[in-house]
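Below are two complexes that have chain A in common, paired first with chain B and then with chain C.
Now for the complex of A and B:
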């Protein structure tokens, strides 16, 4: 299949990027925010959202300067064949790392939640199968699938949020500034890498109908993700209190276990986790597809499909490397997310170089 | 000598076996192709003769001009030769279907002629009354176009015959044996005359058809009760009766080298997207096959994904439904001898709709659609959900129910998945048997079989009682799906999800569903995304799961890209004060 196959509209783009980013909230990330901010964990999410929106602006400007092109083509045009390719390889490597750690986290989550006696390799293999097929079908099909499954995912989220509202004690949200304004601000900026996956939009830039569609998708997607992160973090603090919430490996799952619909249906967490599976599958599939397309673009291949299977084997090998879940959490918190800031800065760097070297947009036209 | 043969059979069984057993070629007989040699030679000879005759007639026509050259064919002026060739072409005298009647046309002097038609395909009353009688009894009355009788021999021409002697409503000239054969096979009557290179065909078609009856698989309480029949012309007429618009076009295509089946391509010019018509025509024209018997076969040749479980076209036996789709900008294909129309393009949601939805008030229509969606989910997911629940996620059940399930399953030695597969397969067998058994017995036997088998299976401790409930609900839900092919696909996909759930519980079920929806998202029907207009979302999305009121559906669905998007005026209830208020809104009329 061609690298630029399919066209995504604004609504599909927003939903896709929102689901892609918000899927991580079912994992350990809310605990990171609460650890950093204490009772002001939701403020860390707020700072992170604003910073991510600002950092994404250069990516939008870059997409508008090079309409209808993916980041691979843009990078080679702006930074030359060697540096440009190296930058894309760097991004692909980071995305591959993010896929690996997220997949392992999801596997651990599902083992705890649903299938305690199932080997991780089996769950990993099933998810990789979904990723392979999704990438094979293409970005357009992924966006449409996300659109169809979106109500189910939202139900999975809203059930957790709404059914736990009665358990919230407002007093747990105080002291209001948590670990202090400077800590909140610094933590928020350091966790901006949580939205770094948005950069995949640029890798798949050629699939968006116009650059304004890409802009709307990215900005609205990040904004909605931020709002969900704020609500989720606040709810967790309100229900568990900051110290307890920060201790949970999968805090939202623990919230889900508290959901009690009625005597006829209890312990719904397995059902809710099934709904979350869709979000996780979308998240991983989009990242996986973006890696394949990005690599194909940087290697000047006209098609990405030949790269799907080798990449899948690579992911399957890497995902079983961490010894335990704690290694995954530490690697993600201490390495991947800080590096994510750098990944978000690459479009800014390319934009500056493009402006200096007068590449793309009005410069080319003149 | 009888005893010798008997002795030989005992002593040499193989020899006797060869003599007695008929085989088609697996015991070293002479290849059939070699036996066909003389017949092929004969055919080749006939073809060569026809080519030579064609060349002769062209040479004769050259001095007469271009019009004459166009009429030059392989028929000869020799009536006996033409008759001989026709008989050879139709494998006479073995073939008894072709009737050849020799006669003298009552001209002055009389002219020899033959009348040919196919037994069973032609209307004999028309042949007797409107062909034989005028030619044999009335031809002497007046042979001249100007109406003035002349003395002396008549100048006999085909034109005179057509214009004065044959009162048939469709009469045409044929100049080649191939055209003559085609006309005969369609049920027309052919006239050959001595001294003429031209044959005359008269429309006398009367193929065996059944009368219009009620739909069998798309019944409705409200709405028309007629359904398509096997005669495609009647089917086209039934649609035309509903669309009295001169822009309705019926193109006739022919498919099948042996069957020469007519395929009617219907659309409304000015509404349908011309690209769609061109694509459908191209795909139908591309079919190179010997026979085409049904729309189901045609669909396999032209669908985007013929191997897919989900249908890429809509098969309907209701003329009102076909007409409604045409009015929306779709195309319909009607195959001769098939009581169904094939609609292109379609979406997944159209498989869950019936024409009755639109005939009911919108709350009822919406309720019906929700019921069908529930039926779809039940039919697809309930067995897999049950297996996941029983095998992996027992904690979700209330304690009392869980204890009951455990107690009912205690006596059953088999794993739940095996129980379920056995019952599902049994249910499919009952369903299939119910379809094949004659109608009078079918429903009774199905009912008895399901009741007795279910009861007996529980008592024999092969399955648990709860499982019977699961299978029954699933089966009932699958009957509620309005499209036969869709129902079939869902039944098969149910087994796939069942296996996924048996392997990994809800995780496997979710993975299976994700892959299924991805697959549906990547499908297209004649270039239209299968899940449109919901994914991608377009205008017309309201008419998928919900049933909007008829007076609000102002536009044709966007996904078929019609040339004329608006199907009704913005205000369709002008007498209604609410409509007048809406009319006064500035953006009401101009909404794109």
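Now for the complex of A and C:
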């Protein structure tokens, strides 16, 4: 299968990027937002969303300037074979780091909450097998499978959120500005990296039918992710209070364990875990596939499949490197997410250089 | 094609190998489910932990034979001492063959002595350990939790868990129990500075009626707390009123009546039966079912040196019993009855708030309302609500409207003739 095989439309694109980004909300990310903003954690999510949408605009403009091409080709055309390849390798390295930390977080969360005696390597291997299989099948298969299962996942999530509404105390969302407007604004900008995975859309740019499909997928996907993050953060603060919510590594799972409608509906976390696993698999598979495609493009390889196995071995080795879960949390919060801003700025940089060097056209070829 | 099919089949056969149940497989017959947990202060170690472990064969079938006072207990009760709750529970494996599981623990009972010294050390297990759930109810028992657990012998239910589930949900129909008695409510309140938690309060039935422990002789028959109910017969345990905390330390007990007022002020009150003296003849009583009319409105003014808390509670009443001479269905008398009842509640509420101010604990969560007036968390923390609450001026008004008078339009004729 070559780099451009398989094409997806707007609906698949939006759903895929939304699931890919929102899957992280099951992990420690809501706790990051609440730690930063306190009672105004939802405002941090709001600032993050607006900033991410603005930062993604250059990526959209770049895709429209080079319709039907992936970021690897664009980068080589714009910045030359050395710098262009180096920029793509930088993005791939960051995405690989994001895969590693997310995979380790998911593994640790499964061990802490559900499967305490299962060796981490087994959980990791199971997830990596999913990633390999999904990437082998290709981007289109991933997108269509996600679209089919999306309604079930949304219903599962809504059950958890809606049945916890009676536990919400609106007073817990005050003081309104939380840790203060400057802190909320700075934190919101520093967590823009939470949406940095959207850059994979550009790596897989050749798989979108037109550049406008890529634009709709990216912008709407980020917007829906942001709205979900805002709603979920506000709900978590309303139910647990900011100090308690900030202490939880996977508050949405705790929320699922709180659903208690008499004897009729309880223990919904069993349901949530299935959707959580699926969303995590989508997230990791998309990132993994994008890394393989990006690397293949930057190395001028016509096919990405030969890279799947070596990449999987690399991920399997890296994922066991952090000594403990707290190292994972700290590395993700203090390094990966701030670096994500840089990753989102690379398309902007390429757009400026392309404009200066008059590379690419402005019209959509399709 | 054949190769693809073979590859898919091989993949399918490999799938069971990656199913992770192998390491965390737990067979039902290997597990001992702890239904209830009691934690007391230990004598040799920090905690004395009592576990009520389900005996499935005795729970099946139901009826008094299997689980009632006369039959075999549906659970095995055992106590063990240890430095932590889970540390103590792990010692049970020395004499119980099955592996203990907290997956189905419905209630945690804390001895009053331990609760007054601080509950958080024991509670940490309940929020951190993967098996425990935050929906577990938290009950403070007068005396030892171990002794209380030994006396839980429901008469109408064979399953003690179901008994606890139903009795704890009784706040919806009586208002005599707290609505926020789960571990989740406790932890959320302890972690924030907006207010303090309350939990269920329970006690053993006293052999002889003892003197009421309430600090005030109220006119209401519901001004009693668990352990003081004037009764004979029935189960040996009582759950009524609530335990009030300051942070994680218990500081006092609220009677059933006071718990109702707490529910009214926190908007959890749904309905309850009240007996009030006849305003024109205090020797006689009128029974009303009171329901929430509108949500209570609380305002906190922090502009002065002392915060000023004002509240407005609107209730609706249905007369259930009115064996009196005055015909309160007449508009002028109805207004008198409504006003009398509202005054009675205002007095009770004022007294309850003063009591919590003496305890320096805002169990009503007035802090939630006060926090709205601060822009940032730093400003709110600098104000120090826990320090200001005890000196707050409080003014709560109650409005009461009687909507219905039951299936009689006026008192029985004989009563009215007696009045003439």
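Here is the rule we use: the second predicted complex is superposed on the first by the 356 of 366 C-alpha atoms of A that agree within 3 Å, B and C clash if a C-alpha of one lies under 4 Å from a C-alpha of the other, contacts with A are read in each partner's own complex, and residues count from 1 in each chain.
What we mean here is this: contacts are C-beta pairs under 8 Å (C-beta built on N, C-alpha and C of every residue); 3 or more make two chains touch, one makes a residue touch a chain.
Keep in mind it's a predicted model, so treat the numbers as computed, not measured.
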Considering only touches as defined above, state whether A:266 meets chain B (first), chain C (second), both or neither.
both
In the overlay, answer first, second, both or neither for which of chain B and chain C A:179 touches.
second
Figure out whether A:169 sits in contact with chain B (first) or chain C (second), or with both, or with neither.
second
According to the stated criteria, A:242 is in contact with first (chain B), second (chain C), both, or neither; which is it?
second
With both complexes superposed on chain A, which partner does A:225 reach: first (chain B), second (chain C), both or neither?
neither
A:112 in the overlay: touching chain B, chain C, both, or neither? Say first, second, both or neither.
second
If we overlay the two complexes on their shared chain A, which of chain B and chain C does A:191 touch? Say first, second, both or neither.
neither
Please indicate which partner A:122 is in contact with in the superposed arrangement: first for chain B, second for chain C, both, or neither.
both
Chain B/chain C common contact set on chain A:
114-115, 118, 122-123, 126, 129, 133, 263, 266
Sort out for me which residues of chain C touch chain A in the complex.
11, 18, 20, 22-24, 130, 133-135, 165, 169, 184, 187-189, 191-192, 194, 365, 367-369, 371-372, 374-380
Chain B partner, complex, touching residues on chain A are 9, 11-12, 110, 114-115, 118, 122-123, 126-127, 129-130, 133-134, 137-138, 140-145, 147-149, 263-268, 270-271, 273-275, 277-278, 281
Considering only the defined contacts, which chain B positions touch chain A in the complex?
392-393, 395-396, 398, 504-511, 513-515, 517-519, 521-522, 529, 531, 534-537
For the complex, which residues does chain A have touching chain C?
38-39, 112-119, 122-123, 125-126, 129, 133, 167, 169-172, 174-180, 239-244, 247, 254, 257-258, 260, 262-263, 266
